[in-house]
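As written, the chain order gives the labels A, B, C, D, E and F, with residue 1 at the start of each chain.
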Amino acid sequence: MKFADMNWMQIEAYLADDDRLMLVIGATEQHAYLSVLTDVLIPEALAAAASEQTGVLVGPPLPFGSSPYFLAYPGTISLRMGTLLAVLEDMLHSAFRQGFRKFLVLNGHGGNRGAKAVLDELANQFPEMQSYWYDWWVSPVVGEIAARHDLTPSHANWLEAFPFTRVTDLPEGEKSLPDRIPSGEASLVRQHFGDGSFGGHYQAPDEVMDEIFSACFQEVVDLLEKLGA
Amino acid sequence: MKFADMNWMQIEAYLADDDRLMLVIGATEQHAYLSVLTDVLIPEALAAAASEQTGVLVGPPLPFGSSPYFLAYPGTISLRMGTLLAVLEDMLHSAFRQGFRKFLVLNGHGGNRGAKAVLDELANQFPEMQSYWYDWWVSPVVGEIAARHDLTPSHANWLEAFPFTRVTDLPEGEKSLPDRIPSGEASLVRQHFGDGSFGGHYQAPDEVMDEIFSACFQEVVDLLEKLGA
Amino acid sequence: MKFADMNWMQIEAYLADDDRLMLVIGATEQHAYLSVLTDVLIPEALAAAASEQTGVLVGPPLPFGSSPYFLAYPGTISLRMGTLLAVLEDMLHSAFRQGFRKFLVLNGHGGNRGAKAVLDELANQFPEMQSYWYDWWVSPVVGEIAARHDLTPSHANWLEAFPFTRVTDLPEGEKSLPDRIPSGEASLVRQHFGDGSFGGHYQAPDEVMDEIFSACFQEVVDLLEKLGA
Amino acid sequence: MKFADMNWMQIEAYLADDDRLMLVIGATEQHAYLSVLTDVLIPEALAAAASEQTGVLVGPPLPFGSSPYFLAYPGTISLRMGTLLAVLEDMLHSAFRQGFRKFLVLNGHGGNRGAKAVLDELANQFPEMQSYWYDWWVSPVVGEIAARHDLTPSHANWLEAFPFTRVTDLPEGEKSLPDRIPSGEASLVRQHFGDGSFGGHYQAPDEVMDEIFSACFQEVVDLLEKLGA
Amino acid sequence: MKFADMNWMQIEAYLADDDRLMLVIGATEQHAYLSVLTDVLIPEALAAAASEQTGVLVGPPLPFGSSPYFLAYPGTISLRMGTLLAVLEDMLHSAFRQGFRKFLVLNGHGGNRGAKAVLDELANQFPEMQSYWYDWWVSPVVGEIAARHDLTPSHANWLEAFPFTRVTDLPEGEKSLPDRIPSGEASLVRQHFGDGSFGGHYQAPDEVMDEIFSACFQEVVDLLEKLGA
Amino acid sequence: MKFADMNWMQIEAYLADDDRLMLVIGATEQHAYLSVLTDVLIPEALAAAASEQTGVLVGPPLPFGSSPYFLAYPGTISLRMGTLLAVLEDMLHSAFRQGFRKFLVLNGHGGNRGAKAVLDELANQFPEMQSYWYDWWVSPVVGEIAARHDLTPSHANWLEAFPFTRVTDLPEGEKSLPDRIPSGEASLVRQHFGDGSFGGHYQAPDEVMDEIFSACFQEVVDLLEKLGA
């Protein structure tokens, strides 16, 4: 169940039995040919699947993250890192006020990882709060699946090309992997990355995508179980 | 069109012709028997309808607002007002960086109105930025329609009971209008408002709801036209 | 009594009997032909009168508010909304530390209304804190008096032209009501509003002004009584 | 002239000839037997006198400063230092927007001196901005006058006992000078300082007070001249 | 050369030829048997060696980072993530003001990586600014060396036991690798990790440590060359 | 002992007996011919000497302070005052979490003195916290020694020319004392102060420097004793 489909009485009823909550955070940023909401859509899909299986609630996804380097690409809406910290703090603090105690933050965007500090800072204020932060794409199982299929996982390539993140047809071929460049003004970043993919194949067969989704889904379910123990 | 269905190239193509953007902000807070996302769902629906008619893009809705007084009701996730100001500033600043110049902020929640200051503060930094802030429920046309049907518009009563905000059956009757109480700890607020409605009828006939939606839709379209002129 | 005429021992003596405090906030901003301090002078006058009648103390008025849209008019000193929130929070927190528990915020300026969120946010931290926020000019009684005299109340017109806010002679006639314009750079605002009045009559007969002052004064006294009950 | 007695047109007329502005900041805090507004009243009086002589405008005084150590004394309203910095920044920034370029900050409170950093930080953003910060009580001339009369200047003793800061009769005698204590919770500070004076004579003859006022007044006038050169 | 050994004239002379600067950031936090400054000492040593070879200047190291999870271990001094962002922003902004344009941030602490966002945010303000962020311990070469010697690199184990980070004798044996635990109050973290090492061998032979240092040193030199090109 | 030479177990052992901590804060800014770290090196040397005598621990020095006025001199790295407040707050808060209760802040830089407010603000939150702030150069004993030797103490002149702050030869003569100038853009400041010294002799005989160091050292020891009583 997700918040949008519930009223407060239903959420109160849930809290009588369970104090876990999934929070989805992502980004609105260029993903080459994929939806600019890709980094929200993937963790949201994982959360929905895990909620169906476990009954754990999903809060409203935060669609914005820290993406200053992509601001020259239209459709990128970036929060300053300090703003992101404040939002996540307020989300956790509010839910804690009502009895939620165990949180699983499902993050879809690499640039957000610095916000994990909020989980530790808040736990020092509220010792009953416990939480996991989950970045699906850096999970070892994802690396193994990719390696087994001879695919390099990277930003906006096949790795994120799920059926639900595609908004147009995708190129057939493969893009060479760009060099690392220094942090610089967003226009330099765009100039360097062109269509926005960080290289490699643009798509992978459906079976590969399913395999990845299933593996990550299982990890989410496992983390929820650990929190519920 | 909304961001979720587009990639950056499509948004860039849009910007070649148009520099308007609709931004939806709302709240995740108790709405009595209605969805806790009610304050997002209504402006989102207005934005979707207006986008279909005018072609103006809709950014990803911010689902959180300032609702400190409702924090004793489960499912209320409130940003400190200072956080909300920062988020709105970052949203506008990011989009401005890419060529958006005219913004229509569709707000669904009374507690957010202080954030309108951001529109003026940013315009002083970026003189090409212009924007309207639209609070559908305080529009005179809504008041007229309500008066014509002998209905009192208020928080979480019939006024917000659209088909798409209902998550359960609604009570049939009418709730007496509670007194004004001082600002106080959220538990006092909950004690005072009980189920969370601010009183009046819980539902209105579909025709009334359609009339209100149509009137507000028309106002949104009109504001978009003014921005485009 | 107001703080300026008291030392701390006298304030301590007051606190032995009463825990109410009036706080005045306003703005320093263009008010057409009227004093740039108009938005402070009016609530300050109401507070002084109510203090005389009830004995409730009045803290030092904060003369600055959020007026970014008027910054092209000389004499406008505007706080960022985030600054205003911080100041109000510190004012309430300080007084609470010493035993004040019930606050009446007398606000003179529309742009400040977003700061009301502070009252609710602080009450969640300090459950003994209770407060009312009073905007004299949007009170229904003011609307009724204006309607009875066929006058349209608006910024810097007759509505605010009390003897103690006048610093020069006022125009005799009436100004046509300007259209609504989008939020934009302050120079556009000045260009649109010219002398700064939002239209209507520049002055009203003394009896009207007295009637309004008396009605608002009575509301202030009533709110103080509610807080003291 | 002070802002309260002017409308924006009059301030604009002033700016045609002069770009100087006096800003008064002080504190609302215990001053033993003297008004809790003492630290505002003194620089305000100096500003009024200097304005009369030079014609330089005086902005609305900020009545609050940084006084965390006195919060156990009723009537002390203290801003966090970070809030004070923000307010002063906004005051200067606003006035600069309208053409003021040279500022004299007349400060009445020792705890505020850290806010002087704002003058330098803003000047780096706005190279045309220049300003002096004036703390009347640490001026060498004040020290000389005090020494000549065998008086020790200190917080809330004779030094600040001007006719316009007195709200009750003052003790006749002399208080022994308390030891320095570490920074600690405000209750410890109150326990240590008792009535709040930092020791020495409670009053001085009128001639001494006049001498001090005149000397400081002259310094203010001199600084205004330097700014106007 | 490092700042401590130079005056401003010498730094100005350097800037005539070179606009690169190394900035060292680290942490003051428990490192089991090693110095609580370990995360500063290692990047500082790398910077000193690279400076000797290349002549690129090294700014004063920031000894504090984001370590909220270790606050139950004495000697841990942690900045809130928001504070760390502000400090890094001020460091870069200040140096940029004087002509430094290319920065290499040598970071010694995993908890700081979220601050990398500052590099991108500032570059959008100052397009001439370019920078690399270097985390020595996650470099692939370090992983390869560790793997070749059958060692698991982790917090406060052999990986960080350089001669210059040792302050006492180290245990001989090996610690089993603790499980992953949720983010929680710092006392839980201490309870879980005991002596503070994250497991594995406490020490490695000098040749291994030299090999790692040399490999990282070479990477630092390479990044400086890229910035200088 | 200083933190860099200790691990957390040693610091825990210290806390079993003592709850005092010395914190050194300074600046990285132009000091004419002296090291740009002068304001750190002096309090650090005092702390080291006092630690040797008393056994009280010294935390890692913060090398940055508030120096906006010197930003036109290469090698000046300045924190905004608001940033400095946050860092000092985090330093004290962290150490307090682990049992430190009495703090001696050894400050080397005049521009930092506004940060003393943090000591009082935090003590109101944590009533067991007590602290002294020590500015060695404004101590009366320093004034007396200077006067006895006919020397004027000032920024970057002989007063700060200790053997350990010298990085080059110093000029022999004397510089005339520059006038006071208004706060203004940093380039104006540099233009006014030239080599950066505020005038007077560039050096003093070793005996004078020793006398000053000994006198300040004694004051530090005395303050530590007061905190330990």
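In this text, contacts are C-beta pairs under 8 Å (C-beta built on N, C-alpha and C of every residue); 3 or more make two chains touch, one makes a residue touch a chain.
Just so we're clear, the structure is a prediction, and the values are computed from it rather than from any experiment.
> Among all the other chains, which ones are in touch with both chain A and chain B?
Joint contacts: the list comes back empty.
> Hey, which pair has more contacts between C-betas, A-E or E-F?
Pair with the higher count of C-beta contacts: E-F.
> Averaged over CA atoms, how far is the centre of chain B from the centre of chain C? Could you give it in whole Å?
Here the centre of chain C sits 27 Å away from the centre of chain B.
> With chain centres defined as C-alpha means, what is the inter-centre distance between chain D and chain E in Å?
So the centre of chain D lies 46 Å away from the centre of chain E.
> Of all residues in chain E, which are in touch with two or more distinct other chains?
71, 80, 82, 86, 97, 124, 186
> Chain adjacency by touch: line, ring, star, complete or other shape?
Chain contacts: single closed ring, each chain with exactly two partners.
> Please report the chains around the ring in sequence, anchored at chain A, with chain E in second place.
The ring, traversed starting at chain A in the chain E direction, is A, E, F, D, C, B.
> In their complex, what parts of chain C are in touch with chain B?
Residue list for chain C touching chain B: 66, 68-69, 71, 80-82, 85-86, 102, 111, 113-121, 123-124, 127, 129-133, 182-187, 226-227.
> Along chain C, where are the residues that touch chain D in the complex?
Contacts found on chain C: 3-12, 14-15, 28, 30-37, 40-41, 59-64, 71-80, 82-83, 86-87, 89-91, 94-95, 97-99, 167-168, 186, 195-196.
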